[in-house]
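Data first, discussion second: the structure below is written as structure tokens.
By letter and in written order, the chains are A, B, C and D; residue numbering begins at 1 in each of them.
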Amino acid sequence: MNNHGLVGRLRSLMTPGGNPSRLTGRGLERLRAQLRECAAGQGGEVSARARAARLAETYLGLDDAGRQQFLKLIALEFGPDPAKVAAAHAAYQAAVGSDGQWRAEAALRTAMRSSRIRIMTQFNAIPQGVKFLVDLRADLLRYLENDRELAVLDRELESRLSAWFDVGFLELQRLTWNSPAALLEKLIEYEAVHEIQSWTDLKNRLDADRRLYAFFHPRMPAEPLIFVEVALTDHLAGNVQELLDEQAPVFDNRKADTAIFYSISNTQVGLRGVSFGSFLLKRVIDDLKRDFPKLDKFATLSPIPALAGWVRRNPQVLVEAGIGLSLDELTSGAWAGERDQLRQLREPLTRLAARYLANAKRGGQADGPPYDPVSRFHLGNGARVERLNFLADTSAKGFAQSFGMMVNYCYDPDELESNLEAFAGAGRIAMSPALRRLARTVAPA
Amino acid sequence: MNNHGLVGRLRSLMTPGGNPSRLTGRGLERLRAQLRECAAGQGGEVSARARAARLAETYLGLDDAGRQQFLKLIALEFGPDPAKVAAAHAAYQAAVGSDGQWRAEAALRTAMRSSRIRIMTQFNAIPQGVKFLVDLRADLLRYLENDRELAVLDRELESRLSAWFDVGFLELQRLTWNSPAALLEKLIEYEAVHEIQSWTDLKNRLDADRRLYAFFHPRMPAEPLIFVEVALTDHLAGNVQELLDEQAPVFDNRKADTAIFYSISNTQVGLRGVSFGSFLLKRVIDDLKRDFPKLDKFATLSPIPALAGWVRRNPQVLVEAGIGLSLDELTSGAWAGERDQLRQLREPLTRLAARYLANAKRGGQADGPPYDPVSRFHLGNGARVERLNFLADTSAKGFAQSFGMMVNYCYDPDELESNLEAFAGAGRIAMSPALRRLARTVAPA
Amino acid sequence: MNNHGLVGRLRSLMTPGGNPSRLTGRGLERLRAQLRECAAGQGGEVSARARAARLAETYLGLDDAGRQQFLKLIALEFGPDPAKVAAAHAAYQAAVGSDGQWRAEAALRTAMRSSRIRIMTQFNAIPQGVKFLVDLRADLLRYLENDRELAVLDRELESRLSAWFDVGFLELQRLTWNSPAALLEKLIEYEAVHEIQSWTDLKNRLDADRRLYAFFHPRMPAEPLIFVEVALTDHLAGNVQELLDEQAPVFDNRKADTAIFYSISNTQVGLRGVSFGSFLLKRVIDDLKRDFPKLDKFATLSPIPALAGWVRRNPQVLVEAGIGLSLDELTSGAWAGERDQLRQLREPLTRLAARYLANAKRGGQADGPPYDPVSRFHLGNGARVERLNFLADTSAKGFAQSFGMMVNYCYDPDELESNLEAFAGAGRIAMSPALRRLARTVAPA
Amino acid sequence: MNNHGLVGRLRSLMTPGGNPSRLTGRGLERLRAQLRECAAGQGGEVSARARAARLAETYLGLDDAGRQQFLKLIALEFGPDPAKVAAAHAAYQAAVGSDGQWRAEAALRTAMRSSRIRIMTQFNAIPQGVKFLVDLRADLLRYLENDRELAVLDRELESRLSAWFDVGFLELQRLTWNSPAALLEKLIEYEAVHEIQSWTDLKNRLDADRRLYAFFHPRMPAEPLIFVEVALTDHLAGNVQELLDEQAPVFDNRKADTAIFYSISNTQVGLRGVSFGSFLLKRVIDDLKRDFPKLDKFATLSPIPALAGWVRRNPQVLVEAGIGLSLDELTSGAWAGERDQLRQLREPLTRLAARYLANAKRGGQADGPPYDPVSRFHLGNGARVERLNFLADTSAKGFAQSFGMMVNYCYDPDELESNLEAFAGAGRIAMSPALRRLARTVAPA
């Protein structure tokens, strides 16, 4: 996806004729010189802009190997000068406790300032520069997997992107069937939870009993950063295929008392670590309440993406839960077609999932963060694990990741704060009494 | 101005009943606790927002003494921990040259991260939070004059504001008589060079032979950050009263070949050090060229604000230039009413100004930056000192600062880059041959 | 005003060199030929547009005498052909009652169609063509006073303008201090009831305890057609100078239960006879109710413009009401400065006004329309005469037209329909019991 | 299509419970009373609006038979009073030539005014009232085919719609992939010439080498009235399948010198007789010229919709043109698959079409309007028949109507006016010399 974005820009930026796709000796020297000029920041803002455009063009003309060289050059050769840092640090420590401490701290900070970020931010001056940087970081994250030396650059870039994408700068927009087609097309491209099959499917998700909200950044107006799909209904929905059924009648939204968040998708790989999901939900709940004063239940219908993976790592849990099938049999979903199996598996599978949500922790420590990433996200926002839904997502993906089960997390305005506190402090997981009980029961021998 | 802004927001934010205007012992304790909570960042983004709003309210309810205490508390008690910095620094220096250098650098950076900026940026989440911070920094700059310990906070805040107000995020808008009255009213309030007398005066400055451009930030849409007023004409305008004459006929802009920038005003005290002026001119020139392809001269009609101050410090220059009047007589402007005086003073005064612009440097070193701040700005953007204009600003202010003289700086697209380079490198000042000659001539004995 | 508008357009439309300001023999011939071409409608829409632009230019280049000739030419020479009308009429009458009646009616209608309106509507194709026609009709109305033969053209034009300015096409806009200055300037120009003194006065009328609404036509977006000024308050306001006082504190609009319409101005002379006032009030009340659900009283504070004129025609009413002063003394307002006079006049003057509003009819018939034009307007919309206010408008104009008195008309949603019916049917005037009683009392001898 | 529109509105307007779908005795009486009230116009505008809404609801609740009754009632019972018309007419004829003629004409006009249009226009006050009326007229046109008595109502309605949809009120919009999806969906629904197959097909028609323009009315912002699809290219395109090929590379629009209008669709059946097509083309050409100054050829690629029909009526023309196949064989398109047939038919078929375009007239008179409706439209706008294209539309529809041929009409700004004049006057058809020659050649025996 991010590559696609870069390639799109490439077409308009690249001079015809083509660039070398990899940096050779001379090319590397030329690039180093370009980067030094950028870092020195000579000339005014105007020449800086021209320089940034040339640099971006060079970058876009390179293949992955070349780009990695490019970024490595910045990471390793444009950091602070250790000697200057040492001197400033000595002065700082000497001044601690004296009047001069604060001046010395500022001076140390200056010595730490690297040219890397200076080079990076100059891209902001070119058209679509923000998107360029976000896409560049997506590259960086890929290269980082095999090359940890790039981490220092990634940290600086993440820190700057966090400043730029501060939630205070984001704009909530409701997307409807009256939104630009080019924007709606992006939703089709980016939906990560329940794929959008067609324009008809999309139109169905924008019908009168639905809402779709996204966050935008003022400098990336054509790119939703994160979006959430909401169904207005009168019950705690427990099956996603029903929600997505294009033939289902449109629910009269004036009768709605429940809003189901059935899909949340982050779109920009390059913004990993910059979080705005919780803020989005808060803003969306406010907006929905204003439009539908009768709404009083806000809940998700969420996947349990890491359940099968957890079972693979802890194979004994199947037996403990009283389940006779193997993991492979469970993920195939074949059992769902047989009535007997269905009847027999309903309780043990639900119990397995309840235990997973109640007890499975990352790193294995009892007070650690939940093993399940979606669970981490919602509990971290103050939600409560409310209900497990058997046969709630009968797609292949649904069986593969969680044996067809889904879960509702409830956002109850009255208990958000206390949930948050207990979760942030002692790692306590808010859970409905029914589920908690189920998690504790022992499977009949 | 900035206080006014804060007070405006105060009205809507303050809970009725009123706050203590100064921090007493218990109030201080409560504030310290509030700040610690903010710094810890417990709970989600949502509680962070509520906390920031309460904190802002507290701040707005304080008088200057209280606010200074507030900011001092943040500056002194929420910095990095010197011991942790020392440890991280030692690890970093030990790793220099090894594979671990980059990880260690990142760790040192983390240790340096202060809670101050964390507290500050949380204000961004409240409505008009950006404007709040800009106004808060305007306070800070005032307190800073007497309290240098605040500088460490100011540096961090300036650095964050620089990231947020990166030119890439600014939007150029042309303001016209069709712009919102509330916005135009701000121009009247902010115009710093040639005061706007009335709505009629303002309308005149927005007529068909004028242009007015401003930069805006997406999160401060009601506040121009900087604006420039342009006159379209067919000659290098040399008198500002003529330009501002409401009775003057409207020039047919289709015949224009020259754009005169006759006023540039920064509006936000709290953004001192965050520069966007040069970028504004570049963007404005581009926009004008698109609308009026015949335009080929871009020049300012600028004040010489520090001329009289320089003469006061260097009284001998009057004699050297062959001027018989005292500084006080010159700044009074009384001589301008007498024809003989006028005739006698024209040449020596012009020569004096030419020398000033050619030679007067800050700090007194020959290759230092120009003494005159306006000159510094335009030369730093690549302009050329083109022409001096005698009796060009006959207002009291005009006489007081530069004996009624003004200067044209020319922005010649063809020589911008070379001017910039020569100026940034050797401090060479670009000047028209006529002016350079005049600066060199000796006054007749 | 309308001339000003035409002159404004003139500047951009007129070819340099100037036109004859009056139609001489040859010019008249040329014009007649132009009009014939227009009427024939030869060529496509494109040439029609070019032709209309030339014709508009000719018109704008003429002085009043020339324009009157221009319009007269259209009125007299481009009507239907009486012979064709006669033939079609005979056929129609012959067909009445038969199957062919409807076809014959359509044919008669076709025969009646005049070229006048064909010529007129072609102006709609030029930029600002609608405004051109509205201004042209303002001219026409002036000439009409001395030249009744123009009435036939005026009727056709009014009929077409009524179609174009159908209330269904009008857009309600709330104007605020954030509206374009160019638009707000129009309010200053057009306010006909209580003159706007300055931009500060205007800003005061747009404050948080005020609302200003206007109707716009999509093709005249820069011209409010009619606007109403509203004060939000908690009592039935009885004094207009208090409402307009720029020093008065801003009322907290959340406490408002009453909306006072204190000024309604029509702006386009050329739209006389095209009514949209009542619709405006209806739409404004709806909008206010949505924003302020607590509002439950909607009333005007209105002038009584024809009271003094009525007294002049019926001098005996002063004596009947027990008033000793002459009409001239009353309209001078001098008595308002003397406490004794004030005390003595309060009751008889109020009684006089109550009788006037209860009984004075145009044409003198008891069931005729009210004598007072403002009364006619509000009663015709279903309002009730609620309360008379002594010393409510102490401007010179206020004394001159109604001895300083003003009146509140109440718009009570619950009784609008019944008031309307009674008024439209029997001419019954809705009035508060107190006022009705007062109107009946006999002055003490 | 229009029914669909009405039904759409129906859903929101209808009170639950349902209406009688046909007017019975009592229902008819009630409707008659409702209409009388509307015609009388009692009460203010506000009650008028409520009444219109109820009436619209009644109408929408009826089936076709009921609606026809509804419209018939208006047509027959709400016309002018023949007696009053007779009296006014007599007075008018008596006054002809006297001073009173103009007053009498106006009085006759008043007597002719029917209540029908008064009732109709009241619908304009309800939301989407204009669209309601346009859809109602589409119904009316259908009923009219079997019931000529409705013509009198249709004429009045057409006349009013013509006033409302005057080209001066229409807004040209360029539609792009950034336009609202709901609007683009309408294009798919309405495209009448070359069906849009899918969203991908649509996106292809909005690519960088395409333009799509539509006219909108300010009160029907969600409904394009007419739209034209344009391809930017460097040659006179002669094959529509090539233009619509989704796989074809995007043409670099900076090199374009030719704009091909390859599809023009009217969308509103209810606006039949209200013409704006020629104006659309004029405005589009202006817009294209501004964006692409190099464009100097503007031409259509048009169907020849009535060619096969004309051949059916004039079977001898096949023989005259030297064509051996029967009409049925020709329209099947089977011959297009055989190389020999293709070679043999190319010339005679092209000649047949050339003759048709040069000589076939409606009504058969030599100076009458062209037989072909598309030809009529473009020649009436000043275009020239430029070139015939063999095998230009190989769809089934293309063969069925014109044996696969299409024609280019050229819009040459330099000759538009003279073409128009010659066409409007003597019915002369502008044609390229090559085509004219071909039309004259005799088929070889």
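Heads up, the rule we're going with is that a residue touches a chain if its C-beta (ideal position, glycine included) is under 8 Å from a C-beta of that chain, and two chains touch if they have at least 3 such contacts.
Being a predicted model, the structure only gives us computed values, none of them experimental.
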item	value
Between the pairs B-C and A-B, the one where more C-beta pairs touch	A-B
Subunit A-subunit C separation of Cα centroids, rounded to whole Å	60
Averaged-CA centre spacing for the pair subunit C and subunit B, given as whole angstrom	51
Centre distance in Å when subunit A and subunit B are each reduced to the mean of their C-alpha atoms	39
Contacts with two or more other chains, residues of subunit B listed in rising order	none
Interchain contacts (touch definition) - all pairs	A-B, A-D, B-C, C-D
Subunit D partner contacts - residues on subunit C that touch it in the complex	42-47, 75-76, 79-80, 82, 85-86, 89, 92-93, 96, 99, 102-103, 105-106, 108-109, 112, 121, 124-126, 129-130, 148-149, 151-152, 155-156, 160, 163-164, 166-169, 218-219, 275-276, 278-279, 282, 380-382, 416-417, 420-421, 424
Subunit A residues within the subunit D interface of the complex	177-185, 199, 203
